[in-house]
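Each of the next two complexes has chain A plus one more chain, namely chain B in the first and chain C in the second.
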Partner chain A sequence: MTLFVYLLSSGLTSGALYALVAVGLVLCYRTTGHINFAHSELFMLGGFIAFTFHVLWGLPYIPSLLLAVIAGFLLGVLTDRAVYRPLIKAPPLTMVLATVGFSFLLKGIGRYFWGGQGEVVPFPPLASPAPVLIGTIPVFPQQIAVLSGALFCMALLTLFFRYTRAGKTMQATAEDVRASFLVGIRVERVYTLTWGTGAALAAVAAVLMAPLTLLTPDVGFILLLKAFAATILGGLGSMPGAVVGGFLVGIMEAFAGGYIASSFQDVSAFAIIMLVLVFRPTGLFGVKGGREA
Partner chain B sequence: MSRLLRPAVAGRALLLVGFLAFLIAPALANPYQIYIANLMLIYILLAVALNVLIGFAGQLAFANGALFGIGAYATGLLRLDAGWPLWAALPVGTVITTAAGVVVALPALRLRGLYLALATVAFAQFSLWVFVHWDGLTHGVAGFVLPRLNFSPLPATPIQGLYYVSLAVTVVGLWLAWNLVRSRVGRALVALRESEVAAEALAIDITRYKTIAYGVSALYAGAGGGLFACLLGVVVPEQFNLFAIVVQFCIVIVGGIGTVWGAVFGAMLLIWLQEALRGLQEVQEVGFGGLLLLTLLVFPGGLAEALRRLAPAWREPLRRTEGDQERSALEAEENRHGSGTAR
Partner chain C sequence: MQGKLRQAWRTAGLLTAALAFGADAAQAQQVVGITKDTIKIGGMGPLTGPLAGLVVPQLNGVQAVFEEANEAGGIHGRKIVYIKEDDECLPSKGVGAVKKLIHETQPFILVGGGCSNAAIAQKPEIVESKIPWVIVASTADSLTEPVDPYIFSSMSAAWMEVYGMLQHAIDQGKKRVAVLWQPDAWGKARIEPMYAALKKANIEPVLVEEVAVEPTDLTPVVLKLQAAKPDAVMLILFPKAAIPYLRDAYKLGFLPLSVGGSPLGEIDVIAKGTGTADAVKNLRSLAAAGYAPDDPHVAKWKAIIEKRFPGDRFNVLHMFGISAGQFAVEALRKVGPEPTREKIIQVMSTLSVQTDTYAGPLRCTPDDHQCHKTLGVFALKDGRISGVAKAEPKR
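Moving on to the complex of A and B:
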């Protein structure tokens, strides 16, 4: 029972992070029709920027987080300007290869500044690392921080979409670019905002995750694969699907790691992607036009 | 003189000079230079194969890095654990890789675009995981060291011997690929790249030709992987991570997507670059990633397009040239005007 609860709580925690990264990915996909393979490196750089502010320069955690989010937003805007905008009319194959190239460019930059020889960078936890007992169940404070931080971001995003003008224009653009343009929405600004918001979400996820695991320049790609699994499981293009998919992937891999063998934790995400794509390409939430995109 | 300047003749003469340069290189070069030339030959093979899949058939698959690894593991393990000689291990390893490639192709046939890319990324990472965790077969994360090659009845050192094997395989591979893309198969692949619906309407069996494209690329990746394992003498999982496929993508794009000779020049240039940046992982990542992005942004035609501008008579089969594009734009314009006046 203890093992079950332990696995469930760690699965929910990592699931919340996957969901956050996946939501950023889906946000860009819905608006622009492209998957950003450099999303992983935006995540990684967000984490390292927070590390620089928090650990190297001694700023408190919350201001570091906010600064990292702002930096993440700017990196997203850079992605828009450097990769997406110049290739906006190019075929999807070109765009995927361009974002792959951009991702390795960023990864190399990250490795140059923070990499070293395969060393990992510890990130001090937000709260005390000792578990606290809730009832009879031990819970790590950092896990609660991650979970509540992720849920807070998702709630904020929902409010943003529902009540702000910018959020509504983003949804309209995702629905139909031509019609949005015709009713006077400045579509190109919406693109910039979308890439920025997606990257900012990745930065939040990175700052929340950093104290739990460790930062390396290769951390982004691992997380991106989990986010891919989450989006595929939820149905590529579905926002609620990405959230549910993220939590499911987190819980499934925690259970696979705990009950089968620890090495199965790493592989479950790839297995989920391949199985879902072969047997139910539309995902759990049945997005139409699956397989093509 | 004037006959020599005719494009077809000049092209063939250049080809012959290049081939002869590769043929006599071992007599003139030191072992390190032979090693680099050998690596270039292997990457030519890989890039040509990848170009058939993504350039001609238009299938954006990330599986080739993993298939390259499967080829290296298959040939390496047959030599190390089964004790087979090179002449048996390399063909069988290649066949195993081709079989793996076709097995990957079966589900991949149903997927397109981003879904295909994501599924094959997952497959590549899955293969890497298998290389690391199937200790009993693959020797785990530490990999394995291969025994030295021995060409004893022949008067060749192991380095020279392997070089000539690579040269033979690459020349045959290039010849086959060149004929393949100019044949019915090449035309079918380009047709299904441009539009699967239109290709199907022309009675092109999409499943069959896609399987051929996957099979050919796996065949070459397998042979390339086997030669790579023998050349380096060590096989570790890390050699076949995502960066391996990024290097191959970069060669294909910088060389010129959808061309055969572009892949050849791209491989030679970028392998040279990789050796120049040896040991500096971050510089390699910035270099290859940046080059990939920059080529797509600034000069999407790559080296093949540059070559075509320098020597306008250079022809790649089934390549949409700028002239064609202008012509079709002109036709479209005329049609618009035509319909305008009719109304």
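Moving on to the complex of A and C:
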């Protein structure tokens, strides 16, 4: 029983990481209909920008986080202008290739500016590095911060979609682009806002997670795969699905590592992608034949 | 009369020019990569891709040594021209990169190779072209065993580190040994020697676990280790995997002696990665480099690297390159003003050089081209990396 609880807590904290990345991925998909394969690199750059402000230039944590989020938003807007907008009428495959290409460009930028810092770049934790006990289970305060940050972001997004005009226009665009256009919604502006918000979320995730995952120019790729598994499991395009999927991927990984073999821990996410695509292509919360708003 | 004299001078001038040109041409024809003023040296490694961060600093270390030698007047008046090719640490790209060096760049010797994956694929091309090769940091035993007359390694071989790691644990009185390893080419090159070392020491490991190269959380692995109750854990891991292990082990209060290899040489960085020095208080690292990056012994090179490569933070990776570069420079000096490949091979096969960044000399013999013999054992003391022992592993 103790092992089960330990593994469950480990899975929940990893799952919060995956959920946070997955939410950004889903946000772009549900509004634009495209998966942003450069999301992992926006995450990486967000982390390095925060590292520059916080560690290299000595700014406090919260201002560094806010500056990284603003920089992330601007990078998202740049993604929209440089990649998405020129290809808005191109076939979906073109968009996939374009975002993959853009991810390589961003990775190159990351390597150019921060590549000489060693194999890994440590990022100091927000709170004390000593573990705290929740019941009998030791947990790092940073893991609690990630879990709380993920839940906070999700709550904020829910409020944003439910109560703000911008959120509602994004919902409407996700439902029907043509109808939104006809009722006077400036769809292109919604897309810009979407890419920017998605990238800002990636930056929040990076700053919260960097003390646990460390920073390297390649840090985003594995997380993107895990987040992708989470979105597939939850139902591509479903925001609650991404959250539940993220937690489930984290928990399944921990159980696979603990009960089967350590070597299964990392591959379980890929097994999940394959199994879900074969047996339930819409995922847990997805709607057959379309994006769920 | 005056016309005849002018014609004689012109003829003499032309003859002199022709002779000089002929001599240069003959030299160039005789010795590939050598001109009157230059020595061309080729280098290969992942300049881009995921492993660039590990190898670019190594090649920057080599380049810094060459640039310093050039500024001091060169080698017997010749300046070193160092030309690098990107192999991305991939066998497919590696062969193309080394072929380009061999056939287009045509260097006198090669000083490169930062990862075994590409180096193993490059070896047959290099051996066939008979170019002397100083390996910077590729550690696979198959590169230097059996001895090849053209290949010399300035880096500790894979077996040396794992034999040294286990011996260090045994020297501390540890008998219940567990092993964590990462299943990539680097890890695979070490797990077999580790089994051999364990067998030689008559130790049955209490647990051998394979962990991902870039894991997010290793709590399940730590729980298994705790159940197996080892008193020493051998870490055949890079920092990307070792840091999550040490962090999660600290979280669960599991702090046995942990012994890693060269990739874990920067214990201060690893401590920062885990968030606390307490997580690494029982970590020991056996590293090819002999000194910590902030050791006064290497302060000169720290200043040189950070001046020549402003984006770099001086670390052990630079030290590997510096030692390889110094080995090559010393061989070029010893070979004299009329170098040939045959001569430099002869020189290198008996060369012994105390470099600035290794704990012991690089010492080659005709029967042993694994020239790196002495490893440093490091720990974190009072927030600084300190050498706690030296090791000369033997099979």
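By definition in this document, the second predicted complex is superposed on the first by the 283 of 293 C-alpha atoms of A that agree within 3 Å, B and C clash if a C-alpha of one lies under 4 Å from a C-alpha of the other, contacts with A are read in each partner's own complex, and residues count from 1 in each chain.
Note that contacts are C-beta pairs under 8 Å (C-beta built on N, C-alpha and C of every residue); 3 or more make two chains touch, one makes a residue touch a chain.
Computed from a predicted model, the values in this text were never measured in an experiment.
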Sticking to the clash and touch definitions up top, decide whether chain B and chain C on chain A clash or fit.
clash
Under the stated touch criterion, which partner chain does A:Ile35 make contact with: chain B (first), chain C (second), both, or neither?
first
Quick check for you: in the superposed arrangement, does A:Ser14 touch first (chain B), second (chain C), both or neither?
second
Which partner does A:Gly101 reach: the first (chain B), the second (chain C), both, or neither?
first
Check the residue A:Gly115 against both partner chains and state whether it touches chain B (first), chain C (second), both, or neither.
both
Does chain B (first) or chain C (second) touch A:Asp266, or do both, or does neither?
both
Which superposed partner A:Ala254 touches (first chain B, second chain C, both, neither):
second
With the two structures laid over each other on chain A, which partner does A:Pro63 touch: chain B (first), chain C (second), both, or neither?
neither
Tell me which partner A:Thr216 touches in the superposition: chain B (first), chain C (second), both or neither.
second
For A:Pro138, is the partner it touches chain B (first), chain C (second), both, or none of the two (neither)?
second
Colliding stretch - chain B into chain C, listed as 275-283, 311-319 or 329-337:
275-283
Chain B and chain C footprints on chain A meet at residues 108, 111, 115, 217, 263, 266
Under the touch definition given earlier, write down the residues of chain B that touch chain A in their complex.
54, 58, 60, 107, 110-115, 117-119, 121-123, 125-126, 129, 133, 242-243, 246, 249-250, 253, 281-294, 296-297, 300
Taking the complex as given, what residues does chain A use to touch chain C?
3, 6-7, 10, 13-14, 17, 108, 111, 113, 115-120, 122, 124-125, 129-131, 138-140, 142, 211-214, 216-218, 222-223, 226, 253-254, 257-258, 261-263, 265-266
Residues of chain A touching chain B in the complex:
34-35, 82-83, 86-87, 90, 92-94, 96-98, 100-109, 111-112, 115, 217, 221, 225, 228-229, 232, 236, 263, 266-267, 269-271, 273-274, 277-278, 281, 290-293
For the complex, which residues does chain C have touching chain A?
48, 50, 52-54, 56-57, 183, 209-212, 214-221, 223-224, 238-240, 243, 247-248, 250-253, 263, 266, 269, 272-276, 278-279, 309, 311-313, 315, 317
